[in-house]
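A short worksheet on the structure shown next.
Chains here go by letter, A, B, C, D, E and F, matching the order in which they are written, and residues are numbered from 1 within each.
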Amino acid sequence: MNNRIINWFKFASPQTFYPLAGKMIPWFWALTALFGIAGLYIGFFVAPTDAQQGEGYRIIFIHVPASWMSMFIYLVMAFWAALGLGFNTRLSGMMASALAPTGALMAFLSLWTGALWGKPMWGTWWVWDARLTSELILFFLYIGFIALQSAIDDPRRADKAGAVLALVGVVNIPIIYFSVKWWNTLHQGASVSLTRSPSMAQTMLWGMLLMALAFWMYSIAVSLARVRAIILERERHAGWVADLEEVRS
Amino acid sequence: MNWGSASEFFAMGGHALYVWGSYGACALLMAVEPILARKRRSQALIELKRELRANQDSQDETTS
Amino acid sequence: MDGPSLPAALGAVIRRDLLLAMRRKSDVLTTLFFFIIVVSLFPLGVGPEMAMLRQIAPGVLWVAALLATMLSLNRLFAADHADGTLEQMALSAVPLGVLVTGKVIAHWLLSGLPLALLAPVLGLQFDLAAGSLAVLVVSLLIGTPVLSLIGAVGAALTLGVRGGGVLVSLLVLPLYVPVLIFGAGAVEADLTGLGATAHLSLLAAFLALAAFFGPWATTVALRIALE
Amino acid sequence: MLEASNLECVRGEKSLFRDLSFRLEAGACLMVQGANGSGKTSLLRMLCGLAQPAQGEIRWGGEPIRKLAEDYRGELLYCGHAGAVKDDLTALENAQISATLAGAPVDEASARQALRQLGLKGREDLPARVLSAGQRRRVALSRLLLEKRRLWVLDEPLTALDKAAVTTLCGVIDAHLATGGMAVLTSHQDLPLAADRIAHLRLD
Amino acid sequence: MDGPSLPAALGAVIRRDLLLAMRRKSDVLTTLFFFIIVVSLFPLGVGPEMAMLRQIAPGVLWVAALLATMLSLNRLFAADHADGTLEQMALSAVPLGVLVTGKVIAHWLLSGLPLALLAPVLGLQFDLAAGSLAVLVVSLLIGTPVLSLIGAVGAALTLGVRGGGVLVSLLVLPLYVPVLIFGAGAVEADLTGLGATAHLSLLAAFLALAAFFGPWATTVALRIALE
Amino acid sequence: MLEASNLECVRGEKSLFRDLSFRLEAGACLMVQGANGSGKTSLLRMLCGLAQPAQGEIRWGGEPIRKLAEDYRGELLYCGHAGAVKDDLTALENAQISATLAGAPVDEASARQALRQLGLKGREDLPARVLSAGQRRRVALSRLLLEKRRLWVLDEPLTALDKAAVTTLCGVIDAHLATGGMAVLTSHQDLPLAADRIAHLRLD
């Protein structure tokens, strides 16, 4: 038991994590490409034209994965934040701040693709639907997190402050989600409503799953790349950084 | 195979703007983000090296 | 060593903040005037049809209350931080959480409470009925403490941070959304004859949650800010 | 009683001091000296628990101060660069309220007495915003007389004080030390203290 | 003694304020996000029906722009006052009026301009048509400099005054009312097919007037605040 | 050159000083002394034109300073209790920008040189918020080296400075006086100036 904890803390040290991340990144990029190509192939060439929506529905293959990732990344971020606040491990804070921009990107993509889908399907770029609204608020939460961290010079303080915010946010997300949902269903009346095909064709499901995997791998790869940069920025005066190959050369 | 020709493929059944707008933004952002991450790292490396050199210089100064 | 009495300390903080506010009455009054002016701007921007104004009234009043509360947030800790009082509070023999709770209560007494009491007068401008006005007041009385509690976390997080004044709104406004929805929703439900109890009890639940977690998160954030 | 062992302070990328250790017994005074930016303020904030040392530990009566938390804070009085004086409150209200916030309320008579002792007679009821720089400082220092704490941590207490006030303040510190109190001080001027148990610590 | 070059001094002030803003990017961005969030709060308070939202859109967008500008006003002089820079400006060999004009221009570049450029995106959320969006942008481009100019007078008057931060809104908002009426009016006129030219030329007249008197009044107010 | 006649200063209900007159010639220095709250800061602010005397007049080269306005301000350098140092800007940017605002831009090299002369080598590119109290003060004082003004009005310039910095500053003031400059100073400490044309003015 004790051993396991020590092991974890070993990986949680930036010094061991930095080269490890460096080794993992290419693999994740390869997986991203693999799943991405397969997913796009199914999405564009295998999945048939939708009877109701025509070709426009093909946005689904990036819209849904982006939406999922945007929510999932916030959870992971809050997890790292809690870990950092509780155990004072340096790496956790860095992970949280490395994840935030990717999460914001996913939230933005979800909004963007949703809006581009909404125009042909519903005739409007935006409706104040529960799901849309809570995605918008999630985007604001990400932006708040990033703005807070970038406004603080001392990285240790930035990490801790960000952690408090992420935790407060994660408590609030379900509350926000359900309140928005209830708000919307209480006063119906929007002239448009979501028209979703009840049973998605098997191929579509596969395409979506593959694309979701690709997004997932992408998120891991890019946030690992970013965390490496952050480690270098933060650990400048630590001796091990000076001994790195890329620094000495 | 859904598409008779390349132009049909690009027309996306009249929804080209929306579909390619989505995929284009997605591709663009996902291309830019890793580049930014990499740039951030190389920037950190440059600064690190500069700092190390500065330290070396000041050490030389004190020893000489 | 016997510690200091906590209720006495709580009372002392509240009294101190009220005293300071009395010295700068304009501060409290301007929160109120801000509320009044924002609410009155809307008919100017939107146009004078009564039917429509009545429809948007709950939303406008609640959004204005929310903005007014948010604007008064920087009063909460910034001045005490700048002149070193906050440092002294963190070094006090009284637990910081108690002092923080006192400050939040004082903040509510000086912003939320007057807003709630003023709201019915403004509601009249929008032609709301007496029943709806009562619901409006009750929803504000339950909802504004939540705003103060959440706001305190934001204010503490942005303390001494570059651009803190506006940053706090970015952090806090998204978290205010549920309160806004159920607060405005309560009045709207009453307007449409649905009954506001469900909304109000949900607001009360939020209050309980915020009262439980808020001071804790604020204390943590303050200690971080002082480090 | 107060004991620091192997403290290291890191600000930015460089270490201001390391392996700093000392012990302070009842009745003794520690003068921290050093050039501008040598880390005096940083050290004092660590001793109060407002900042965490990068290395090392600070103990009070053998216990780490992190563990003691409020118990330690009940023994401590810190007076930093910022005076915690509210512009809108009068000198008297400032004195009373800061004592209350510290957890030890005082009545008006003793607050007035303390202000008078610091040479603020006739200014007690002026709002602090109109006071001169030195008078504001005196209001901040009135806490020394009003709160009964064993350990005083004073960061450049002489700033803005005139010569008479410096003498008064030194008398107050001497009296505190004579009754078994402890003090950690910084100053760029010489403090004419009468006490004999003064240790010096140079940060450079 | 040959005096310093005035255009150079003007440029230097603008550059300085932009530099300071770049240092605290979050400050500029948060004004923008505040704008976005306030606009997005309204549907949450008012309800999601598009027909009604379209009707209140011009008012909501303009009120939000006005509030965002107003919030950023305390950035204008407060920090410079607190750390003594303003004192130094008043003692500068360059006339204070020039320095003030530079600061107001920088303020507009950092608040009004980005708001105007962002507004159409938000207008889409309220389902406005392309023509109305264009009118909205033009009205904001003409209107927001007036807001900055008037706001500067308010910010200077409340400098160092107790409760200044909120007091400024009290002083300034009533003066903003004409801008709001004609700004929102322009968009509304376009929506109802009446044509917005009349409104826009009135706004331009306000701008000329404010550009003429604003810096002068601000300078006087600053000298009073420093006394 | 600088001439004050029959100045009276009223703060609140009482008069701090009255019938105060003096003349300051090129190359001379005036040390204003007095207890806390005796009106030194108030006097200095009057000399700069930031406050109006209740009675009397201040003239520069025979002309009342109110009339001269910008012409007088172009000759004047005031350094008060507040340092006009921006937390968010680096020491270097602070120095350059305050010179620009004063109407006399300087290039980066001379700003760096001035900061180095004041002992801020290696700190030029740190944001001022992380500087120590004395370092911030030095940044504020860098204006003395960068702006060519004939009349210096310095309110407690020694605050927070360590001994080395005090020596440097005195050297700077001496050099200024030697080249025909004028200075009005306050301080509660002794200033080890070498110049011989020092007049003292006691407010009590």
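Worth a mention:
What we mean here is this: a contact is a pair of C-beta atoms (placed from the backbone, for glycine too) under 8 Å apart; a residue touches a chain by one contact, two chains touch by 3 or more.
This one's a predicted model, so the numbers in the text were calculated from it and none came from an experiment.
Using the contact threshold fixed earlier, the set of chains in contact with both subunit A and subunit B is empty. Once subunit B is taken out of the picture, touching still joins all leftover chains into one piece. Among the other chains, F has the CA centre that is most remote from the centre of subunit A. Subunit C and subunit D have Cα centroids separated by 36 Å. The distance from the centre of subunit A to the centre of subunit F, each centre being the mean of the chain's C-alpha atoms, comes to 55 Å. Separating the CA-averaged centres of subunit B and subunit F is a span of 51 Å. Separating the CA-averaged centres of subunit B and subunit C is a span of 43 Å. The multi-chain contact residues of subunit F, meaning those touching 2 or more other chains, are 81, 88, 127, 130.
Across the assembly, subunit C contributes 23-24, 162-163, 167, 170, 173-174, 177, 181, 188, 227 as residues in contact with two or more other chains. Listed for subunit B are residues 51, each touching two or more other chains. On the side of subunit A, the complex with subunit E involves touching residues 115, 124-129, 133, 136, 140, 143, 147-148, 150-151, 180, 183-184, 187, 189-192.
For subunit A in complex with subunit F, the residues that touch the partner chain are 153.
Those residues of subunit C whose C-beta lies close enough to touch subunit A in the complex are 150, 153, 157-158, 161-164, 167, 170-171, 173-175, 177-178, 181-182, 185, 188-189, 192, 194, 202, 206, 209, 213, 217, 220-221, 224-225, 227.
For subunit F in complex with subunit D, the touching residues are 11-12, 34-38, 40-41, 81, 119, 123, 126, 130-135, 137-138, 156, 159-166, 188-189.
Those residues of subunit A that touch subunit B in the shared complex are 44-45, 47-49, 54-56, 58-59, 62-63, 66, 101-102, 105, 108-109, 112-113, 116-117, 119-120, 218, 221-222, 225-226, 228-230, 232-233, 236, 241-242, 246-247.
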